[in-house]
Structures are given as structure tokens and as C-alpha cells.
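Provided herewith is a single structure, encoded as C-alpha cells, for subsequent inquiry.
Chain IDs A, B and C follow the sequence of writing; residue 1 opens each chain.
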Amino acid sequence: MLESFFNSFPLLLGSGNFLTIIFVIALGLLIGLFVGALPGLTTLMAMAIVLPISFFMDPLVGIPFLIGVYKGGIFGGSIPAILVSLPGTGASVATTFDGPPLTKMGKGRKALETALFSSVIADFSSDIVTILLIGPIALIALLIGPPELAAILFLSILIISSTSSGSVGKNMIMLAAGLFIAMIGQDPIAALSRFTFDVFELRAGVPLLPMLIGLFAIPEILINIETKAKEFVKTKLNLKKEEKLTWEEFLKLRKTILRSTVIGTTIGMIPGVGQVVAAFVGYAAAKNSSKTPEKFGKGELEGIAAPEAANNAVNGPTLVPLLTLGIPGDNITAILLGAFIAHGLRPGPELMSEQGSIVFAILLCMLIANILFLILGYFTMPLFSKVVTIKKSYLIPLTIIFAFAGSFVFRHNPADLYFLLFFGIFGYILKKLQFDVTPLVMAFILAPSLEYAFGQTLSLGDDNVLMYLLSERPIAALIIVSTPVITWKLFQRSKKLRDVATSLTSSQVKSR
Amino acid sequence: MNNLLKTLIAILAIINFSWIAKADYPEKPITMVIPFGPGGSHDLNARVFTSIIPQYLGNAIIVKLVPGASGQTGTAMVAQAKPDGYTLLFTHNYVDQLQHHVKKLPYKPLSDFVTVGRLNYAAACMIVLSKSKYQSVQDVFDAAKSSNGKLKLGHSGMWGATMVPMAQLMSWGKVNANLTPFKGGGPMVKGLLAGDVEAVLHFPSVIKGQGSKVRTLACGAKEKSLGTPPTFEELGFTGQIGYMDRILMAPAKTPPERIKILQDALSKLKDDKTFKKFMKRLGENMKFMSGPDYEKIRAEKSNNYKSLVKQMTKG
Amino acid sequence: MKLINITPNLVTSIISIVFGIFIFLKIPTEVEKPLLLFGQSSSEIDPKIVPAIISFMFFIFGLYTLFFEREDKSINVWPSFSKEMLLNVLVTIIFLFGYSLTFEPLGFVVSSFLLIFFLSNYMGNVNLKFVTLIAFIFPITVFFIFVNIMHVFLPAFPFLEMRIGNFLIM
């Protein structure tokens, strides 16, 4: 394998194509960035459209093109999340906690740049880890089966719920609500309808993107409309001297970025967990380790760096099952698989042994994509951040148009607009009553996978699941045993935080 | 104000008001709904198909992915669409001919849709790990019997393309086994590689990628690329098994002339060199069947599935 | 006459408890029964279990909130609303509802035009001509990008087809 690695360099540089490859990656990044920044247009869509074009290119040109679109798109979704609280995907939801407050303080550009640097550094690091450890990562992928996945997902939901702000009872009610909403529709294994009240539109369940946009973007919009203030951004700014990220501020973030990179890379190695969990766990971990956790959610740069780094660090290892075993982990890797196949390359054990240098060449292109993205991003971020300086009376209706268009094109189902509206009003009420919707969103996103993995485990364990776990799946057993311990510790820590918060509030009240 | 008016009129003059219906079909792009999620084999086949068909059809076909409810959401959307030939459905035989025997649907697949053509089919093969002890399908059956029905087999979705043939085999071999579901072909193969399950059914295009790690025991059709393992028919199974037909459907009330135009384009497409090249790369065959021919066997297949379901669910 | 302090947590907990009971009662009618496969249930987890667990969670955590957090001081206050705020929010919700209703019948461009025009004017502080221009240009641009470039679908103007060449623009 080492030989393949070293052979990949001449393959990449030697072919007359190198400049074309660079150009094509940059083009892909820009396309992905702009598509990702338009709410409702997903990276997946962009890749699917570009896919046939890449068919007619050389494999070492076509596939890096798709990878460029992929990386650009993943970051692109963070832009509307930070600027107008419009999450493009589940992964950008965690960015809507601290992004919009920063934007309203006039620090939009700072937030965008934080997101950019965190994302690129984490992505780059995890790509290097992927290249170095591609073999072991493939082995880990095989070790994680349904029981392990179920245990990990269950633990993740608990971790994220117990580190949410607010009272335990309210968080758990939110968790239950998320599970309920996820349950509506067909069950993931046998496709039996549950709680659809004979409404056909509910048979496919509650759609993810309209719900996310409803829960996060609409309340922001409504709150902004409450007061017909002129400017979206509160302070008066001199546009030319808009606040950039300073070197000192960046240095303060390095621990968070490192921690999130480790979290994201680890989660990336576990097939089936994904970016969303990484983002939320990264956020929860940063909040937990911070000395000033009450600042999270109010405009804390760490609150941007943490989820952004984590969700990008997932990218590298996610490709490993595809490249080494020929198994796509999610829809995006499935499109990459299609691209490989259309070029006559069959990812899998055969490709690694016979044409391993191509695989490494593509991984190297991922590194190049990161570097290019840093440069491209640095010049385009200021453009994006200027968007929110237009008058509120224009910005709000235009944001609404995007929210609706984005929700509609998710499934091309007009009923989704009503889902959007319903969750918008619901989210507004929850926000006003100071509920943290994180447990709801997490439960909604993870419940189907958890239920599926759990069902698979029951099937594999046949009559005696307990024996099965203990005898054949030690990893899962270990995780299950440590879950209560971890949860209890987190619960204690968050209780301490809340007591601090309560004493702060009551002392504030007293001093009035 | 006057200037504004003039500009507006100029703009409107450029816009093509086409409420006078043109004679040629298709005069605008056609929508092809795929009732599955992105990245699957249908998606890939569709992308190849739609990138080449414009030259034969005179206009583009645009893929619209509408996943949900095991294909019901997308199928319902086409069933309710205007039958003017601008909305088509790209689906497979299990959704079209079997699903209505196991689920209450808001449409009747056999009467609400008519076949434009079958693009190709894929025939599933049974695979096991090369390092396992199974050398033939009979070995698997024996293992199922001796383990008292606890042998672990995998599939990629209830009533789907890899589950139905597996159930058919089990019922033919008169064995019981433990069927574990996986979320799609990829996880299913991973389950096999990890040893979570002992055998699965999958399609040759994917099996080839695993190289020497898996052993193919038998296939639904002759597969030269996999070393021509025995077919299920040769082993004694009567009837077609494991065939996933990729079929293009149109709402039943679509004007027949328009369906004919589509069918002509399809039959020209199948001889296109680039198309053949890409399909070969995808590992798919080119076993095209015309709409009318497929219609002839469609009702019969549905009846076969009906008796199969009855047999499998009688408890 | 204020015997009970009606805090948000109190209301939440009661809703939670009631909802939990509601789900539980609805299980028999709302959960499809699995088909038998070879004599065994084709569903690994009994389909009634998940709703049962969820109803239990609502019930228990509702009770928990009721007993332990009813009087919680930290974030348990009713939000304050001025009449102006309430009015703005309600009007906006009505606009959004109207937008949803007209999205398909009138097409994306027309309904978006109406929304931008009316909402921007309502929010005030706008130049009428400029708003009309933006309300026209912006939806058409979004429509063009989404439909012709990204090949996704937004509802077109249903009464006549507006095209430039082969491109749908409205």
C-alpha cells in the first residue's frame, strides 16, 4: 500500500492534467459553495446534476470535480445558518445557535471566517488521518455493526440532551416530542403506518428540511418582525471596516478546533452516525469544557468553531468504506460510487490492490481541495456577510421566499409548506417559552436510525439478545454499560451549571 | 414611467407566449419521477439515460427524486399528475406489481399506469464469504435446517428486490431462517463482510466490486462475468426469480401517440454507442423490452406475486 | 384568588401528561398491524412498543416537570408581549399562510411577488417603486436558477406558459 501511495504523486503531477484538475476542483468548490448557500438546494442535488457532466471527463478530473462540489456544498450550508438562521442541512443546525446572534452584533464576517477556518483545518487534518490510517479505519468500519450503532446513537442522544440548556424535565419532554414526530409515518423496518391519522401526506412522515427551517428560521423571522426596527444588524457599522477575525481570537479557538476535529474524525470512522451528530456532540463538548458555558447560544465564537470543525472532520473517514470496501455510507458517497463506476473504476478491495495509486491520488485531491477552499473562501466570505446589511424590510421577505422555496424543493410536495408553517409557529412558541429544541431535533434525526439498528440487533440476536451481545458483540456491550455512567456525570455537570445560572438570575432579581 | 412601460412591453414581446399548443411533443422538458432516494442504482441508471436521450427525443428528461413511504409518495405523485406525457415514472417491478398485495395504496398500479418500456433488468445472485464453508445453495439450506431456522440471512428492505427472492428461495427449499433487514444494498454487503449474516442476495454489478472476498453460489440468470455459476432454474427452481425490472411508466390516460414517441426514442437509445458504453461500465445489461411486450407479462407477474405473498404470509 | 401560580412549566407538564395519555389511547387505531411472514411477525419490534414508550415518556416527564419544576425560578416566566408585537406577528403569520395557499395555484413567482410586496410595505420604510422591482426580479431569478439550472421544481404560473426559448421563466 505504501507503494501505491508514493505512486499517486507522479500520477497526479505527471499527467498533463494537473492544472485542469486544480481548475476543476476550484470550479466545483465555487459551484458547491453557491448551491449550499441557497437554502433548499442541497449538495446532493448539485452533485447529482454535475454527475453526468463528470461522466465525459477523465476520471482524475471528473471525480475531483465532484469532490470539489461536495466540499463546497458542505460548507455552503453554514452561510445562511450563520447569517439568517436558515439551516441548509441537519449539520448546520448547531451553527444556528451562535451564528445569528453574532451576525446581529455586526460580527457576521467574523463568524463566517471562524466557520471557514475551523472547517478547513478540521477537514484537512481528518483527510491526512484518513490517508495514513486507511487500513485500520476500514477494519473499524467492519467492526461497527447494528448493535454497536444502536448503542452509540442512544448514547449520543443522551449526551446531547443532557447538555442542553434548560431544565431536565423540559429537555426530556422535547426529547419525547422529537421521538413522537419521528414516529409519525412508516416505521423504518416494516414500513407499517403509525399515527398517520389516515392522512396520506403523513404516510411518508414529517419532512426533515421544512421542519428544520420551520423550527429555526421562522421564529427568528417572527422575532425580527416583532419590532419593526430599521436595521437587521443592530449597531451602526462602517462597511469597509467590518470586523474580521483577529489572530488572537483565532488562537483562542485552537483547543476547541482540535477537540472537535478528534470528535468528528472518530465519528466519521463509525459508519451510520454522520455529520449531524458530530456537529451537535462537538458543540456539547465545547460547551461542557468551557469556563463560560452561559455565553454559548448568545454569540460565542467557540460555538461556531466547535460544530463546524466537527462536521467537516467527518468527511475524510466517511469515504473509507467506499474506497476500501466499495460500500457507500450515505447518499453522497453513493453518488461518488456512481461516478467511480461510470469511469470504469470499481471501488472495493480489488481497486485498492490493483490501482491503489488512483485512490490515493483522489485522497490527495481532497487535500488540495481544502487548501483551495481556504483561499476561495477567504475572498468570498466578505461578500456573503454584506448580504445582511440590507434593510430589514427587504431582507426578511427575501429570506421567507428562500425558506419556502427551499422547503418546497425538498420533496416537491406542496404539503411541506404547511409543515414549514406549523413548525415555524411551534418553534416560535417554544422559543418564547425558552425551550431548547436541540433534544427534539436530535431525537427526530436519530430516532429512525436508532430504531432500525435496534430492530436489526433484535433480529441478529434472535431469541436471546443479551447472550448475543455479551458473547459476540463486546464493543456494543461495553458501550451500553458505560452509557449510564457517562449520562449521570453529564447530568450532574449540567445541574451544577443550572444552579449557577439560577443563582445568577436570582441575585440579579434581588439587586433590582 | 413611460420608459418603464416601454421596457416592460419589450420584455413581454420577447417572452414566448405559448398558450397556442404546439403540435410537436415533447415541446418542453419531461419530468421523470424516481420514487426512491438519491444514489441508488435507479438514480445512476437514470442519470446515464437522461444524459443521452435528448438527442433521440428532441427535448430533455429531468429526474425528479421523490422518496418516501417505500415508493408510494413518488408513485402517487405521478398517478395524480396530468396525463399529458410530461410526467413519467421510473420504478421497478416490486413496487409496481407486488406492493399492492401487501399495502393499501391510494392508486391501482396495474390500471393507473402503462409501461413505456423496460430499460434493463438485474438478476440477483446469492453470495457468501469466500472463507465460509458454503459451496452451494444446498449447503445454505442444510445449514438452515440444522440450525433450526436460526441461520442468519440478510436483505436490503421489506418486500424489496433482495428480500422477495430470498423468501422465495426459503419457501422453495422448505427452510426457515432468520431474515435481518439492512438499510439498502451497501449496509447489507457490509453485514455479510463483517460476518453479521451468512448469505445475502445482490446484483452482479455490485458483487463484481468485492472481487475474491465473496463467492457467488447461484444467480437468477447466466452471469458470465461472475464465472457462470449455476442459475436457480438449473438448480430446480421453477419460474423467474430475483429479476428486478427497471421500468419506465406513464399515467394510463396519457395520449397513446405521445407514448409511442417515447417508445421510439427508447428503442433508438438502446442502440446508442455511448449509452451502451456507460451501461456496461455500470455493470448493467441492456436487456431492453418494449412497452407492449412488458404489458403482456405484467399482469401475470402481479398474479404470481399475489400467490407468493399469500403463501409467505399465511402464518 | 391566585391559589395556583400558573407558570409555563405547569402548563407544559399538564399538556405533556395529557398528550401521553392521548397517544396511549390512540395506539390501537393508529398503528398498522404487521403481516405474518412464515408464521413470525415480519416486524422485529412490536409496532405498538415504540408509541407506548413515547407515551410513557410524555407521561413520566410531564409528572416530573409538574412536581419538581413547577416553581423553577430560572427560566419559567411568561414572555411579555406588547400589543404592537402581537399584531406584527399575527399579521405576518396570516401573510405566510396566504403565501402557502397561493404558492401552487398562482405559481411561485406570482405568490412570491405578492408576499414581498405586501410584507415589505407592511414593515415600512420602503420605496414603493423599488419594492415593486425587487418583488418582481427576485422571484424570477430564484425561479430561473432553481428550475433551469438546478433542475428542481417550483410551481409555474399555471395560466399560461412563460418561456424564453426552452427556458421556463415563471
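Basically, contacts are C-beta pairs under 8 Å (C-beta built on N, C-alpha and C of every residue); 3 or more make two chains touch, one makes a residue touch a chain.
In this text, all values refer to a predicted model and were calculated from it rather than measured experimentally.
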{"item": "Of A-B and A-C, whichever chain pair has more C-beta contact pairs", "value": "A-C"}
{"item": "Longest centre-to-centre distance from chain C, chain (CA-based)", "value": "B"}
{"item": "Length of the line joining the C-alpha centres of chain B and chain C, rounded to whole Å", "value": "34"}
{"item": "Centre-of-Cα separation between chain B and chain A, whole angstrom", "value": "31"}
{"item": "Centre-of-Cα separation between chain C and chain A, whole angstrom", "value": "22"}
{"item": "Junction residues of chain A - those touching two or more other chains", "value": "189-190, 412, 455-456, 459"}
{"item": "Multi-chain contact residues (two or more partners), chain B", "value": "63-64, 158, 179, 181"}
{"item": "Residues of chain C engaged with two or more neighbouring chains", "value": "42, 44, 151-153"}
{"item": "Residue numbers on chain B that touch chain A, as the complex places them", "value": "37-40, 43-44, 47-48, 50-51, 63-70, 72-73, 76-77, 103, 106, 150, 152, 158-159, 178-183, 186-187, 189-191, 193-194, 196-197, 205-206, 208-213, 278, 281-283"}
{"item": "Footprint of chain A on chain C - complex, ascending", "value": "8-9, 12-13, 16, 20, 23, 26, 30-34, 42-45, 47, 50-51, 53-54, 57-58, 61-62, 64-65, 68-69, 72-75, 79, 84-85, 88-89, 92-93, 96-97, 99-100, 103-104, 108, 112, 115-116, 119-120, 123-126, 131, 134, 138-139, 142, 145-146, 150-155"}
{"item": "Residues of chain C defined as touching chain B within the complex", "value": "35-39, 42, 44, 151-153, 160-166, 168-169"}
{"item": "Interface residues, chain B side, partner chain C - complex", "value": "14-19, 28-29, 31, 59, 62-64, 102, 158, 167, 170-171, 176, 179, 181, 312-315"}
{"item": "Complex contacts: residues of chain A adjacent to chain B", "value": "44, 48, 51-52, 55, 141-143, 145-146, 185-186, 188-191, 200, 203-205, 271-272, 321, 325-335, 337-338, 341-344, 346-351, 411-413, 452, 455-456, 459-460, 462"}
